[in-house]
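Below, chain A partners chain B and then partners chain C, in two separate complexes.
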Partner chain A sequence: MALRRFLQEPGGWRITLGGSMVLLLLISAIAGPHLTSYAHDEMDLEQILAPPEWRWLRSVLVTERGSELLKARDRAGIPKSGTDELPDSEGGLDFLRMDEDSFSQPVEEPEAKPQGHILGTDNNGRDMMALLVAGSRNALLPGLVACLVALGVGLPLGLIAGFYGGLPSALLGGFSGVVLSLPRFVLILVVISALAPNVYYIMAVLGLTLVPRISEHIASRVRSQAGSGFVTAAREGGLDDISILTKHIFWYQNRALLFIHFALVMAESILVETTLSYLQFGTKAPDVSWGNIIEGSRMTFFSGIYWITFFPAAAIVMAILGFFYLGDGLSARMAYREGK
Partner chain B sequence: MKENDFSPSLLVVSDLRITFGEGTESVKAVNGVDFRVGAGEVVGLIGESGSGKTTLALSLLGLLDAKPGIIGGRAELAGKSLFPLPEDYLKNSDGTRKRHFQFQRDQRKLLAPLLGRELAAIFQEPKASLDPFYTVGDHLTEVMRRNGFPVATRRTRGEASLRDVGLAEADKLWDLYPHQISGGMAQRVMIAMALCASPRLLIADEPTTALDVTTQAKLLQLLGSLNRDQGLSVLLISHDIGVIREICSRVYVMHKGWIVESGPTAQVLESPKHPYTASLLGAFARFGERPVLPPGNPEAGPGCAYRNMCAIYSRSLTESEKNLCAKEKPGFSSGVDSESPGVTGGGRCHFPGQSKELRALNDSLPQADASEKTGSGSVPALRAISIRKRFGGGGDPFLAVAEVSLEVPAGTTYGLVGESGSGKTTLALALLGLQRPEAGEVWIEGKNLLSAAPGELRNMRKKIRMLFQHPEAVLNSGMTIGQTLHEGLEREGMQPGARRERILESLRQVRLDESYLERFPSHLSSGEKQRVCIARAIATRPAVLVCDEPVASLDLAIQSQILALLSGFQRDLGMTYLFISHNLAMVKLLASRIGVMYMGRLVEEADAGNFTAEAARHPYSKLLLASVPAGDAQQAHQALLATYPDTEPVRLREGCPFRNRCPLYLESRESRCEQVVPELRNFEGNSRVACHLAV
Partner chain C sequence: MKFAIRTIVLFTGSLLCVAVLVFFIIGLTPGNIAEIHNLAPATAERLHLDKPLPLRFVLWLSDFLHADFGLSLVDGTPVSQLLARYAPPTVLLTFGSLFLSFLIALPMGVMLGLHPNSRWGKLAGLVVYTVSSVPVFVLGYMVLAVVFGVFEFYVTTPPEGPFRFWPWVGYYILPIAVLAIGNGTMGQFVRFIAMEVQGLNGAYFIQAARARGASLFRHFFKSMVLPMFSIVVANLAVLLGGVVVVERIFNFHGLGWLSWEATLKRDFYVVMGITIFMALAVRSFMLANDFLAYWLDPRRRS
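Then we have the complex of A and B:
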């Protein structure tokens, strides 16, 4: 009931959809190495450029109970369809065989550790799944740095400029003008050539270029609230400016902006990080980024080896869409709550 | 002015029904209303916000928003219908939405030849009704072009109609933009626009509500004279009984979409037949601590919904008669009054004939006692000395408050009155140090608030608290009521348990219960919000409460509840109030001493008992007091007002700020008035007056 109401309010679907994509990303970034059977830097030299193994994936999906049922059916002597080459103990594979008789791949022998590469391998024999999972960590961590800078600078700047107007507001305007007039990538190139080609420097610069957008947005809202009755009333109640600004204006009126901008900066920084990594300015091998996985695939893509390009690209789209939907949905929800 | 009831009907409205929305969510805004306006008659329509009076006016003008809904009934202006016949639309089975748009299109066709020539309207906010990019002349020309006046005559005719509404300098005004003229002038321009094609009926929807009391008096005089001299019929819609009483010959009282009573103004306002009218007239505002609220939905439940607030029902009916009231909804009985035969009028009541008794009963109810107001407390709880506050710097500073000194004895109420822009609110904010004045001292409990160190100041802030005009703006929409109340006590260093006790106690004092702690302001009515604001203020146990128009944005019944609450605190806790209001009648009822501000200066200070148009000494106080609509003293007031020149308030740099509006100065041309700002002088009867010529 509550869920239905949540979905029906504006932004409900976007928040749910975006939130679940982001959640998936978070799980893979945090629990990453425990999810895959291979390490991302483990090269399986016998399996270079192995295609995705959907079949193996499906065998995993068949539950224990399912295989029990299949075995029971076998014992009852119901004739199985298809070939009968494999021993009966392979319950899960039996099931597969019934469904997909025409499947041409040979079936692996059962082992303690399945050898299958679910999403295939790249041209060094690295497991794609492991690469993607490792890449998600390198997408989120730099993003967090960008958010830290963008919100850490943009939020207080916007609050102060909006609340006091006058000189702080003029300074913010000047700062925004300068930052917005510098091409972002040129700024990033200058910084990495002056310091070191480190992805975290890049993200800090990116965060800085996103400050104007955030602080101007916050300032414009705070400006309209600074003269309102509750501020005068809070002052009358004996609160000083800092408590009014942090408590009344930021926390009780505008804290949703923090989450909205967090999501939007994450989306933007993932885009920038993957772009730069593709251009080999960002994350460099042996570290893995979705961007440099795609970069590594550019020699093989046109020979029909789609998976090295497709999966990281899908991950990028999902991550950006997820964060964008989340931010967009939250902001629609905030507008709706305020209108009520 | 007062026409008899047999004048031929100009506007006849019968069984008007307006419903917004469809199905279960529909709201009946106007619920079967019948009324008529005779030719050359001024008819009042009175009701609180939400009574449907504005919806009714807009529907006659074809200005209702195109929301899906239903308009039914008939309205005829001099025999010409204002509504397309509703039957045609009700037969249509296409659904309400389409029906409504069709209705609106057809109504516009019907109204096109009538608007301007037969029927015109003016609205509440004259400045908002004028286009800021058009000059006064453009506005008038547009109306005349629409009504087909030849180009050559437009300017002369436009200026003539400006002069008709009392704007003598019409040719200068012609090229001014709306921001260059005052609110009163803007409303006159609106009237000139409405009248330049000589309509027969003017619908005036709250025309004076946004204006100052002196401007209001002038405009009502103007409407009255237009009615007398040109035979203009007026439908005057207002929530203000004083305004209605001033110029209307007949009145309709509206509540929640119903007309609950109608009749000649004097009769309805002096001996109301319906309990709702009686409550509007203030009989219930004086009824003890908790006035009974009128029903939210008169249609709900069986029987007369007003019986809980009805003095006849509770005091003089027999059991069988009570049963009738409790079981059946009363229809509109047009009882003919035996005293004034030929005058129709009536009320939605089973026993309208007993109006005499209702009045007698109302008079016997306990009234707010003037003797309760303790005249002279010994120790001043609040003392302000020479407060000065200016805005803007450089060569042209704007002196918002100039050298105001006042004293409020403990346990009394000091009323501060003045028109908008007189500096009342700025003074209040300066007294609390919320807008730091340039000079002055504010003494509370032996300490000067304005020179207190920050820590000290925080302690003193607990002793002087403020109530603001708009409770909805004061409460942070993101905080629950509990959080708001806790915040005020956070710095007190109280134990959490004791703090909670204190909060619950102050909630109880404003008659709200514990369940409000978890609610957000958006779930509260504006009256409840103001109660929360009061609880927030009294939680710190203040000695002085500065109330800045605390009830101006509330409905009448809620107003009386809040005021009863405040006067209860004074009685029980000995609270001291500085009560700021533009409503002179209210201030006179509450305060023991009254100060009048004009252009940032205190021009007169007198005991409330001596604060009448006759006894006041400053010419501005007299003007203010005479401008308040007052039934009995009307003639004397009109005569007094006639001595004042018809000039706009101007900020004069030197000398007496009031002299351009002052009959005493204009008569004597005293040079002191031009050169010296008058100081407050003591007069007998404990009054202080800042006027060189006052005697």
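Then we have the complex of A and C:
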């Protein structure tokens, strides 16, 4: 009953859908390695480029060319484990460049034994599921840094600017004027060129660029609330400005904004983190990021082996959408609750 | 008059702040730029690299105001030449995708605004929202994979020579489409237009126009011009951020591509020139928007 009422209020579905996606992400980031049967840096050299073991995924999505390539791989003979040299992405893919006539002889496919690679393996024989789970941690942690900066600076700034007006408000205006006139990626590029291309620096900068949006939202609300009765009452009751601001204005009236902007900043930061990792400026090779995996899959994707690309892309979209839905649903809910 | 002065002061002030910020972030990097790039002492002196940083900024600024943007530290090309060569494709890309996303967003937004509770309207809104939160690099990657894998015709390097329809269309159309659909701008437009139309739809002057059978299009259009222009301007910086990514993915030789190259090589003056150029473009549109609003909307003047 309560659940139905929750769903029927504006934003209910969005909160539920987004919230469950975010929850899934959180579980995989926290429980991480305990969820998968392989470690993400464990190379199963006998299982390079193994397709997903879920039958329906296999039958729906393995293209003809992809399965031909797989057969060719089996015939070419992948170096067994025990050799000292690990096949790098070049060597591991030699069978992709085999000449055409090697495809012509029919070869019966040996019945593959299930190895527990639910989503298949990549071109180094790493388990895709484990990679995705490891990537979720690297998607969320930098996002927390961005949130810390964006909310830690944006919230007090917005509260003060909205409450006092005058100089703080003018400062906020100037700051957002500077930030809004620079495209975000350009500023990030500048920081990359100056400091080391470290994800956490980049996320701090991203947080700073998101400050104006947050503080202007808060300031505009505080501005309209600063003259209302509860503020006067609190002041007459002998409270000082700090406790009025933090307790009565922020906590009693505006705490929902904290969660809304948290979700939106997380969505933005996952977008930026994966994009930069894809362009090889963010999370670097031994560490795993979803953008990183997609970057590494370029060779194979163009020849029909979809799973190395598809699953991280789906994970990225799901994570971003989850946070977006959550933030959007929460703000719809807030507007509805206040209008009631 | 007071409004004009305030707007122009804000314009120059924020541009100056951007210049200071970027200059000092790059300038404070450890390592001597002249040594990194192996510059001849004469070139280093011409670029004022032997002076302390604050003085260098002042000299750079005065050079900039005399239309001397510095040299590329890698091959010695003047930055103004680089800008002249790489800016036009980027301008075309930006405005092409702005136009395309607006073209898609307008009918959807109007429909959504007029019938906010219809089932199809909600579905369309959801689809637009979902599609526009797919990161631009994922979309670009997929599109490239399909085009390379299935059609094998894509033009990846800028065609030589003067403008001809065929190779240039192949070169421009995909980045424009990907940027229009994948950058989140389209979703913003749809939501904004829907909100505006919904708000206007209940207004008295629209009801009056409807009652006396006047042209509804005219009434809607007149009061929509200003908000639409301002939402486009507000999204320009976001779009330029997407341009930087898309140009890198598609190997599209524009300003964004150049900025990656310059960043990788730590080409100080090129990075500076591109940054200021982009900030100048965005700020100019904001300035135009402010003045347009002042001119068209009498409520602003009181």
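Keep in mind that, in the parts below, the second predicted complex is superposed on the first by the 280 of 340 C-alpha atoms of A that agree within 3 Å, B and C clash if a C-alpha of one lies under 4 Å from a C-alpha of the other, contacts with A are read in each partner's own complex, and residues count from 1 in each chain.
Note that in this section a contact is a pair of C-beta atoms (placed from the backbone, for glycine too) under 8 Å apart; a residue touches a chain by one contact, two chains touch by 3 or more.
Being a predicted model, the structure only gives us computed values, none of them experimental.
For the composite obtained by overlaying on chain A, chain B and chain C can both be accommodated side by side without a clash. Of the two partner chains, chain C is the only one that A:195 touches; chain B does not reach it. Of the two partner chains placed around the shared chain by superposition, neither chain B nor chain C is touched by A:152. Legend: residue contacts after superposition of the two complexes on their common chain; A:178 is shown touching chain C, with no touch to chain B. In the superposed model, A:313 makes contact with chain C only, not with chain B. Once the two complexes are overlaid on the shared chain, A:252 sits against chain B while remaining clear of chain C. Judged by the touch definition given at the top, the superposed model places A:233 against chain B, while chain C stays out of reach. With both complexes superposed, C is the one of chain B and chain C in contact with more chain A residues.
For the pair chain B and chain C, the minimum alpha-carbon spacing after aligning on chain A is 9 Å. Chain B meets chain A in the complex at residues 429, 432, 434, 458, 461-462, 465-466, 468, 470, 472-479, 483, 487-488, 491, 522, 533, 536. Against chain B, the residues of chain A that register as touching in their complex are 228-230, 232-239, 247-248, 251-253, 338, 340.
Contacts from chain A toward chain C in the complex involve residues 173-174, 177-178, 180-187, 189-195, 267, 271, 274-275, 278-279, 291, 294, 298, 301-304, 309, 313, 316-317, 320-321, 324. Contact residues of chain C toward chain A in the complex are 10, 13-15, 17-18, 21-22, 25-26, 28-29, 129-130, 133-138, 141-142, 145, 148-149, 234, 237-238, 240-245, 248, 256, 259-260, 262-264, 266, 271, 274-275, 278-279, 282-283, 286.
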